[in-house]
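By written order: A, B, C, D, E, F, G and H. Residues from 1 in each chain.
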Amino acid sequence: MTKIDSPLTIAGKTYQSRLIVGSGKYRDFEQNLTALQASGAEMITVAIRRVNLGQNPDEPNLLEVISPREYTILPNTAGCYTAADAVRTCRMARELLDGHKLVKLEVLGDQKTLYPNVTETLIAAEELVKDGFDVMVYTSDDPLIAKRLEELGCVAVMPLGAPIGSGLGIRNPYNLRMILESARVPIIVDAGVGTASDATVAMELGCEGVLMNTAIAEAQNPVLMAQAMKHAVIAGRQAFLAGRMPRKLYASASSPIDGTFF
Amino acid sequence: MTKIDSPLTIAGKTYQSRLIVGSGKYRDFEQNLTALQASGAEMITVAIRRVNLGQNPDEPNLLEVISPREYTILPNTAGCYTAADAVRTCRMARELLDGHKLVKLEVLGDQKTLYPNVTETLIAAEELVKDGFDVMVYTSDDPLIAKRLEELGCVAVMPLGAPIGSGLGIRNPYNLRMILESARVPIIVDAGVGTASDATVAMELGCEGVLMNTAIAEAQNPVLMAQAMKHAVIAGRQAFLAGRMPRKLYASASSPIDGTFF
Amino acid sequence: MTKIDSPLTIAGKTYQSRLIVGSGKYRDFEQNLTALQASGAEMITVAIRRVNLGQNPDEPNLLEVISPREYTILPNTAGCYTAADAVRTCRMARELLDGHKLVKLEVLGDQKTLYPNVTETLIAAEELVKDGFDVMVYTSDDPLIAKRLEELGCVAVMPLGAPIGSGLGIRNPYNLRMILESARVPIIVDAGVGTASDATVAMELGCEGVLMNTAIAEAQNPVLMAQAMKHAVIAGRQAFLAGRMPRKLYASASSPIDGTFF
Amino acid sequence: MTKIDSPLTIAGKTYQSRLIVGSGKYRDFEQNLTALQASGAEMITVAIRRVNLGQNPDEPNLLEVISPREYTILPNTAGCYTAADAVRTCRMARELLDGHKLVKLEVLGDQKTLYPNVTETLIAAEELVKDGFDVMVYTSDDPLIAKRLEELGCVAVMPLGAPIGSGLGIRNPYNLRMILESARVPIIVDAGVGTASDATVAMELGCEGVLMNTAIAEAQNPVLMAQAMKHAVIAGRQAFLAGRMPRKLYASASSPIDGTFF
Amino acid sequence: MHLSVNGDSMQLPAGTTLSELLTQLGLANVKVAVELNREILPRSKHHDYPLSHGDALEIVHAIGGG
Amino acid sequence: MHLSVNGDSMQLPAGTTLSELLTQLGLANVKVAVELNREILPRSKHHDYPLSHGDALEIVHAIGGG
Amino acid sequence: MHLSVNGDSMQLPAGTTLSELLTQLGLANVKVAVELNREILPRSKHHDYPLSHGDALEIVHAIGGG
Amino acid sequence: MHLSVNGDSMQLPAGTTLSELLTQLGLANVKVAVELNREILPRSKHHDYPLSHGDALEIVHAIGGG
């Protein structure tokens, strides 16, 4: 396998795992960490939010449980509906993480659909790249927008498979194929995966990786689903590299026809 | 995982792997064995055919390369179009394998579609069970026929996902769901799998295992596809056990909405 | 159109409409008749049941509302789970309808799935053909069973698109294509249609007609849905005869590229 | 039917037909006109191109064959890859058609995929609306962009079903549903339709109309396919208004269970 | 005499004919098919057909079905 | 004088009018739109409109398109 | 004597045994199953089993199949 | 003096420093980022940074998100 595949490389850093996970919607940090370990992921997204004033100072902190020394922390701009808010959030994240440059940019259109706002995303991506960030950008499956985000200097382009949290899988593989055909940076499916086969399908299309949160965190058994996703991404990557058999309307026998004695 | 799942049990024997592979269509025994090892499968199908008279006595023999001591050999009745031929083939297989009772029954309708002939299959299954065989039976996705084969005493019922060698995947998951809802013996998808995600989908439906030949043997890189299938079956089984998230037309945010500072 | 197509012919009688409807699940005879007229169908199925003793003698009778002089009445064997019951029902129907020979044979497996019992269906079909009936037979989408029913002398073979009353559409177009490729009698999709596009898809595959009941009777507006189905069947038939454009992953401009002035 | 439905209204003009056709890719004007008449369409797209200098003055002209007095002519901006070219083309069209204000705006991204360039489309739409045009705008299935085009004052928003000329049908019904849920102007599927059932599906989703060119012009029999599309659009509209039956995994009998005599 | 009609047992005066029974049941002018002891009894024979003790009759008609 | 018409350069006698040019091109009775130096020239002004050296004309019509 | 072996007719000296035939066919040490006149001939009986004129033998082994 | 901290208004003695405020809020040893009047205030400057009347502070940390 290693002979055939090369590791995923983002902003100069290589990753053995092609699965990126989130840290939202878990019962507690403990479950989150166990699922993270089960998934084999090396990168995990976090959100940036105000501290609660008057909180118990001994209350554990996410980054104490999931250590930036062990995992690549990917701060996101979830909740931002304008380019300005997204850029401001990334700068806060960089300060919080001691100059960390890698961010997940997402600028959404509305709270109902959480569909990406591609025009605000283009504006924010350009400003963040200028400001020295390594931008992994969440976007729709519009192949022209994906291409422009690559041309603006994003280090990874992350089209949706389906809306955030929908679990509807890869709704439009044709658009992903168009995006993949001309891509020169890693294409990572972000959002839409609902179960293991969705991740396998994304990888079989030729994506470089898959990012998911809800599919693991809201499974009845998140830790077991995390294991499933680990295998699903490996399976899809290997199947893509192995080259599938052709489809036929008609059958072809797997056992030879010669030599029958009846 | 092991805590949660129990191993696949067929005719009283347990298997850690839920993947069953074939031995047809490989370049040579060497490639077949390497793919078998990569797949992690513990059971492999073989066909029964006349020896070539005047063959070189030193020519290697399949059962010398793939040892019945290491793997469960599953002789099939491929090429049989009548119950009588299938029963005769199973008896030859039992003699050949020193009293081995486990067989894969398949009675096909015609060489063009290789679609199972369910009426002949019912006749052969009844006779083989009476004669003491442990019958794993290949059939269509007709839920009534599957049920009757179970009632006749077959140790596993193996409906098709799509025609043999077609690689079309799971064409009718609804029928498989009907079969699974009332099954009391292992249901194993046999035929139709074309790539890794097809196997994952079959397992996510709740099947106990997957049997495939062409998808591995006719991949551009059979050994790598065998690895992919190993992971795909594990992924699908774990996802089935973990319980997937519900599908929603609408999105739901993975990051909290409270605490935004903009 | 008429120049290109020839009318549907069943048991020597021709029909301009390729839509066959049922008479079950309607609010009343009035709604049933109005929907029948809106659908343009010329053939309608009926069930054979015991008269209610002590019923009001003036209570209208289905065959007084839907006249055998205007419509071809197709008595069915709904509710039969054995060949014997189905044959007995057909004989009662023939007596009731003054020697009428055309029947819809259906033998089901259980009340939960209403999936056809193909082995009992084969037995009943053979006996009914011997007894001089013109048999339109409901069956699964098993291409071998469909072929044998044709060979037994059925005048039309009617595979399911999906289980009776499910409205799941054409679940397995591949099997229908196999059935159609070798058919020498009309193939009519019976059961599974849920909305207009399902009927169009069935006809585009090359089926000679579509039979439906629930899709019309349980629509919110049955009469309007009956009109929709009339158009849907015509649309699918014409599209099949017209020969669709090829599918392409890539676009091709509908307006010429030459002559632009910018 | 007319009681229940109201006609399609665009820019204050009503249309009985919900099918809009193109005039490209036909063998000749004669075939184009015959197909147009067979389709029942009342609106037809045309392209604006340079006259060929030195052409035979007696050579027939499209607008002499397809008369603006009988049909609503919809000049398009096909071939435009910038907002500026599209606006310029619309002004030429308005002059050519004596002040005609209705145009089809399309700004594409590249000649390979013909995918719409949504950012240039937004710019052109705004300028055209300011300049007094009634803009029917071709766009992707991005629900946010569709909403903004509506807010800019376009009289109809026309998302793709699949890329122009691909014939792949409605690739992502989920996005169309999101667009339809909040739309206040007619949503018309433009591009992607390959056969009749694709048009029916688009209408069943609740679209107000369908625009197509290649599916008719490149059918083996364009005139017959035009008839098919006429029926397909009516069928889909009526089915949408009639309200389809619910889908069930399980069957439900269309004939009563009471009163059986066996 | 006792008969079974559509699964219900009925008490009828000896010598009752089928046509009398059908009239009594309000089915004189209704299109029905009749099975007597599991054999079809053709409509042509209904008139004056004598019923016997222990006969099992099935009287059916057409109703709505899919 | 030299003009550009639909991208081709043409040599015309000084003082040629647009209507003369259209007639010469066989377009006198054809429904076309004309752009002169990237500005629409309304049909109402075509008659006797004097062309000048260096003018760039675009003459368009409607053709089949999707 | 004449026999049929896997569908081919063979000429063998009278009294040839099955083990002799298998040796002659190079199958002495190969794992095969033998059917004699459509009845399985168990491996235990191969040794010295006398073949007769007109016997029909099927000799099979396992090969790759799906 | 009055300040706004994460949108809440706070009353603090004049001359309070940022590090004093963070200590008072129990955040002395918590990994946070601070924005003062919409400009990032680098951690290196937190110590002894004097707050002023009307300052608007945003104090953020990382939490679970997808």
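Here is the rule we use: a residue touches a chain if its C-beta (ideal position, glycine included) is under 8 Å from a C-beta of that chain, and two chains touch if they have at least 3 such contacts.
On a predicted model such as this, the values are computed, not experimentally measured, just so you know.
Asks: Indicate the lowest number of steps between chain F and chain H, counting one step per move to a touching chain.
Replies: The fewest touching-chain steps linking chain F to chain H number 3.
Asks: Which chain is most remote from chain B in terms of Cα centres?
Replies: F
Asks: Give the chain pair, either B-D or A-G, that is connected by more C-beta contacts.
Replies: Counting C-beta pairs in contact for A-G and B-D gives the edge to A-G.
Asks: Tell me, please, which of A-H, B-H or C-E gives a repeat of the A-G interface, judged by over half of the contact pairs matching in residue number.
Replies: Selected pair, repeating A-G: B-H.
Asks: Taking each chain's centre as its mean C-alpha position, how far apart are chain B and chain G in Å?
Replies: The answer is 33 Å.
Asks: What is the distance, in whole Å, between the centres of chain B and chain C, each centre taken as the mean of its C-alpha atoms?
Replies: Roughly 36 Å, centre to centre.
Asks: Nearest whole angstrom, what separates the Cα centre of chain E from the Cα centre of chain H?
Replies: Each chain's C-alpha centroid was found; their separation is 96 Å.
Asks: For chain F, write out the residues touching at least two other chains, lowest number first.
Replies: Chain F, residues with two or more chain partners: 6-7, 35, 58, 60, 63-66.
Asks: At which residue positions does chain D touch at least two other chains?
Replies: As it turns out, chain D has residues touching two or more other chains at 22, 24-25, 47, 49-50, 76, 78, 88, 92, 113, 115, 163-166, 168, 174, 213-214, 217, 249, 253-256, 259, 261.
Asks: When you check every pair of chains, which ones turn out to touch?
Replies: So, checking each combination of chains, I get A-B, A-C, A-D, A-G, A-H, B-C, B-D, B-G, B-H, C-D, C-E, C-F, D-E, D-F as the touching pairs.
Asks: Going by the contact rule at the top, pick out the chain B residues touching chain A in the complex.
Replies: Against chain A, the touching part of chain B is residues 1, 4, 22, 24-25, 47, 49-50, 52, 76, 78-80, 84-85, 88-89, 92, 111-115, 163-168, 194-197, 199-201, 204, 213-215, 217-222, 224-225, 227-232, 234-239, 241-262.
Asks: Help me check something: in the complex, which residues belonging to chain D touch chain B?
Replies: Those in contact with chain B are residues 174, 177, 249.
Asks: Quick check: in the complex, which residue numbers of chain D touch chain A?
Replies: 109-110, 113, 115-119, 122, 140, 142-145, 162-163, 166, 168, 171-172, 174-175, 178
Asks: Chain G touches which residues of chain A in the complex?
Replies: Residues of chain A touching chain G: 253-256, 259, 261.
Asks: Could you list, by residue number, the parts of chain D that touch chain F in their complex?
Replies: So the residues of chain D in touch with chain F come to 22-26, 29, 32, 45-51, 53-57, 61-63, 73, 75-76, 78, 88, 91-93, 95-98, 164-165, 212-214, 217.
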